[in-house]
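First comes the structure, then the notes that go with it.
Chain nomenclature is as follows: A, B, C and D, assigned in order of appearance, with residue numbering initiated at 1 for each chain independently.
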Amino acid sequence: MSDFLAMGGYAEYVWSTFGLTAVVLVINMVGARRRLRNSLREAGLRAARQRRQAS
Amino acid sequence: MVTVVSAILRRDLELGFRRWGDVASPLMFFAIVTALFPLALSPAREVLQGLGPGVLWIAALLAMLLSLNALFRQDLEDGSMEQLVVGPHPLPLIMLAKALAHWLLSGLPLVLLAPLLAVTYHLPAEGVRALCVTLLLGTPTLSLLGSVGAALTAGVRQSGGLLALLILPLCLPVLMFGSRATALAAEGEVVTGPLYLLGALLALAVTLVPATSSAAIRISLD
Amino acid sequence: MKLPTWFHKLGSPPHFYRLATLLTPWFYVPAVLLLLAGTYGGLVLAPADYQQGDGFRIIYVHVPSAYLSTMVYGVMAVASAIGLIWRMKLAHSVAAAAAPIGAWFTFLALVTGAIWGKPMWGTYWEWDPRLTSELILLFIYLGYISLRGAFDDRDKADRACAVLALVGVVNLPIIHYSVIWWSSIHQGPTIKKLDAPSITGDMLWPLLVMILAYTLIFAALLLQRVRAEVLDRERNARWVLDIMGAPAQGN
Amino acid sequence: MINLSNDAMLVADELTLWRGELCLFDGLSVAVEPGQALMVRGPNGAGKTTLLRVLCGLTRPEAGQVHWCGEPVETSGEQFGRALAYCGHQTGLKADLSLAGNLAFAARLAGLHGEPWRDIMAQLGLASRADLLVRHLSAGQQRRGALVRALMVPAQLWVFDEPFTNLDAAGRDWLEARLDAHLDRGGMAIIAAHHELRPRPGLRTLELAEAR
């Protein structure tokens, strides 16, 4: 296991790139979901407001 | 066709001379920026000769960016661009005339001032000649590309930095070929290659930009 | 030019919104699975490269993000063209949604490329044609995103950014080849450029798996962001109110 | 005078335009024929200016089409451009040029020779101001300068946005008389105004409701 982690001496480079990739992927996944949540919430507020105005 | 271009050129040039301050400031900026490097780095001949072409070209590019910002802003505020858009004349032709007028007021003066500044960098004669030729070929392309950026950001509030961010990546090929050709010429090498490429970029810009900046200005006027 | 009806149907926001809601998990799940498979393949199964040793494994994250950075700009340019020509707000929504994703992966390609450069050339940053083009592409993305942010009217922002994306897509090849020309003049061909080492079969399949995984992840992220953009643009439309009637599902 | 083709018509159908949350107009259709003047009235912010800009092809509506002689205004370029005289809120004059300089530019652009603006300028009492920089003119004089520019070049369709503001009584009468002559010759006009136009044959009114 430890030589796997050593990556033939390139450990810091390989793991840093894979780590950074994971971080960027997570940032994008969370970001996209939150962007959608915000729009859904705003649309919900607007719908509620219009329903109040209509009634 | 010709009357439209000449009418716009005549008006914009007259405006340029009336507000000569707007024409002079990019020139002074060009001179000051080129003077910064010897003061900041070193007045040594070899250093300056090595830096010369790049610094002069970068300063010229930045100087043109200064004047591009206001290119359409004033026309939008006083409604004169609106009249041109609503008028019978083809908008791409009008935008080409505007870009030409901008070049005459900002690009050409830079080309005339460049030899003077090149001397302060101890550039040899071939280098100075190459600098002028590359600027003569490159600055119109910068005006054209810049007119697209200016048209896109004309309606937007404070857009100084934005215009530079939009335009500079597009101007990189001109900068690279221009400064490279000047440096190579200064070392006595043949530079026909980059000059042809600069000419090709100019031809491409003259054909593609007018239609693009027309679409852009219509969007800003919407 | 008469368009196929499915194109118009796809172009109608409510139809697209429902489709996107349905499809998002179908992209996410396989994407994550392929990602794990590709990573395992690349890190464990693939043999070390005879020249770069295990350092070459960085290509399994660098190459897919570099591919994505250009592919996403292509998606933005096509969407912008469709948006301008057929005046489809949905197409503009796709371009608006794709930009931040493209910018992120361009940044990722840039940094992973630089890190990969360290063991190869000894320095983190090397003005290699590929990395330089990637850097300029990042500036173009940032320019696009800041132009979009500068407009407060959404329709104007869409159309202006569409023009910018088309101007960009015309300039990208020009910039790329002038960078190659520029670097060949400066460095000369002596310095070994950052090209992928010769890949044999069992090194190759993880890379293809990773590229497919990245594409699917991009699709999933894009669908979510486009749904958000569509909701923002269609705020006055009837169908948005109907959807809001139902409990909000933000999967 | 240009030949006023009597089958020329401006037709706008099903115009829809939102501004953010507000709907300015929805499904608005209007047509103007030779000899007709359409007065657009409505409270501030009802979208009068925007409607005029849509009819000129400057602003693109969310939905709907505007046709001039059957051609969509956005793509009819020369034909519509020659027929239209547009006077918006802005004067369209460069502040750093003299009034005469601006008008000379407009005349050259329209291919007119000599100084066709002299007599209109005199009628509007601007003769003595011709060589002043537009920057130094009062708002009223600048408005009248814009009117001179719009009226100098013969056009079949006038689209004026509140042309009567900053005009004194004499100026108003002059413009009303000028409008009558224009309509008699088969011209058309779309005018956004707050105050009542003099009743005349072919005058129609379009009331824009408050944007909701």
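In this text, a contact is a pair of C-beta atoms (placed from the backbone, for glycine too) under 8 Å apart; a residue touches a chain by one contact, two chains touch by 3 or more.
The structure displayed is predicted, hence computed values, not measured ones.
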Best-connected chain pair, where connection means C-beta pairs in contact: A-C
Which chain has its C-alpha centre farthest away from the C-alpha centre of chain B? A
Need the CA-centroid distance for the pair chain B / chain C, whole Å please. 32
Between chain A and chain B, what distance separates the C-alpha centroids? Give it in angstrom. 42
Taking each chain's centre as the mean position of its Cα atoms, how many Å separate chain A from chain D? 53
Could you please state the distance in Å, as a whole number, between where the Cα atoms of chain C are centred and where those of chain D are centred? 48
Contacts with two or more other chains occur in chain C at residues 155, 235
Per-residue multi-chain contacts in chain A, two or more chains: none
All pairs of touching chains? A-C, B-C, B-D, C-D
Which part of chain D faces chain C closely enough to touch in the complex? 18, 20-21, 23, 62
Which residues of chain B touch chain D in their complex? 3-4, 6-8, 10-11, 14-15, 18-19, 74, 77-80, 82-90, 221-222
Which residues of chain D touch chain B in their complex? 56-60, 77-82, 84, 86, 88-97, 101, 105-106, 108-111, 149
Which residues, counting only chain C, touch chain A once they are in their complex? 35, 39, 43-44, 48, 53-55, 57-58, 61-62, 65, 100-101, 104-105, 107-108, 111-112, 115-116, 118-119, 217, 220-221, 224-225, 227-229, 231-232, 235, 240-241, 243-245, 248, 250
Provide the residue numbers of chain C that touch chain B in the complex, in ascending order. 84, 136, 139-140, 142-143, 146-147, 150-151, 155-156, 159-160, 163-164, 166-168, 170-171, 174-175, 178-179, 181-182, 185
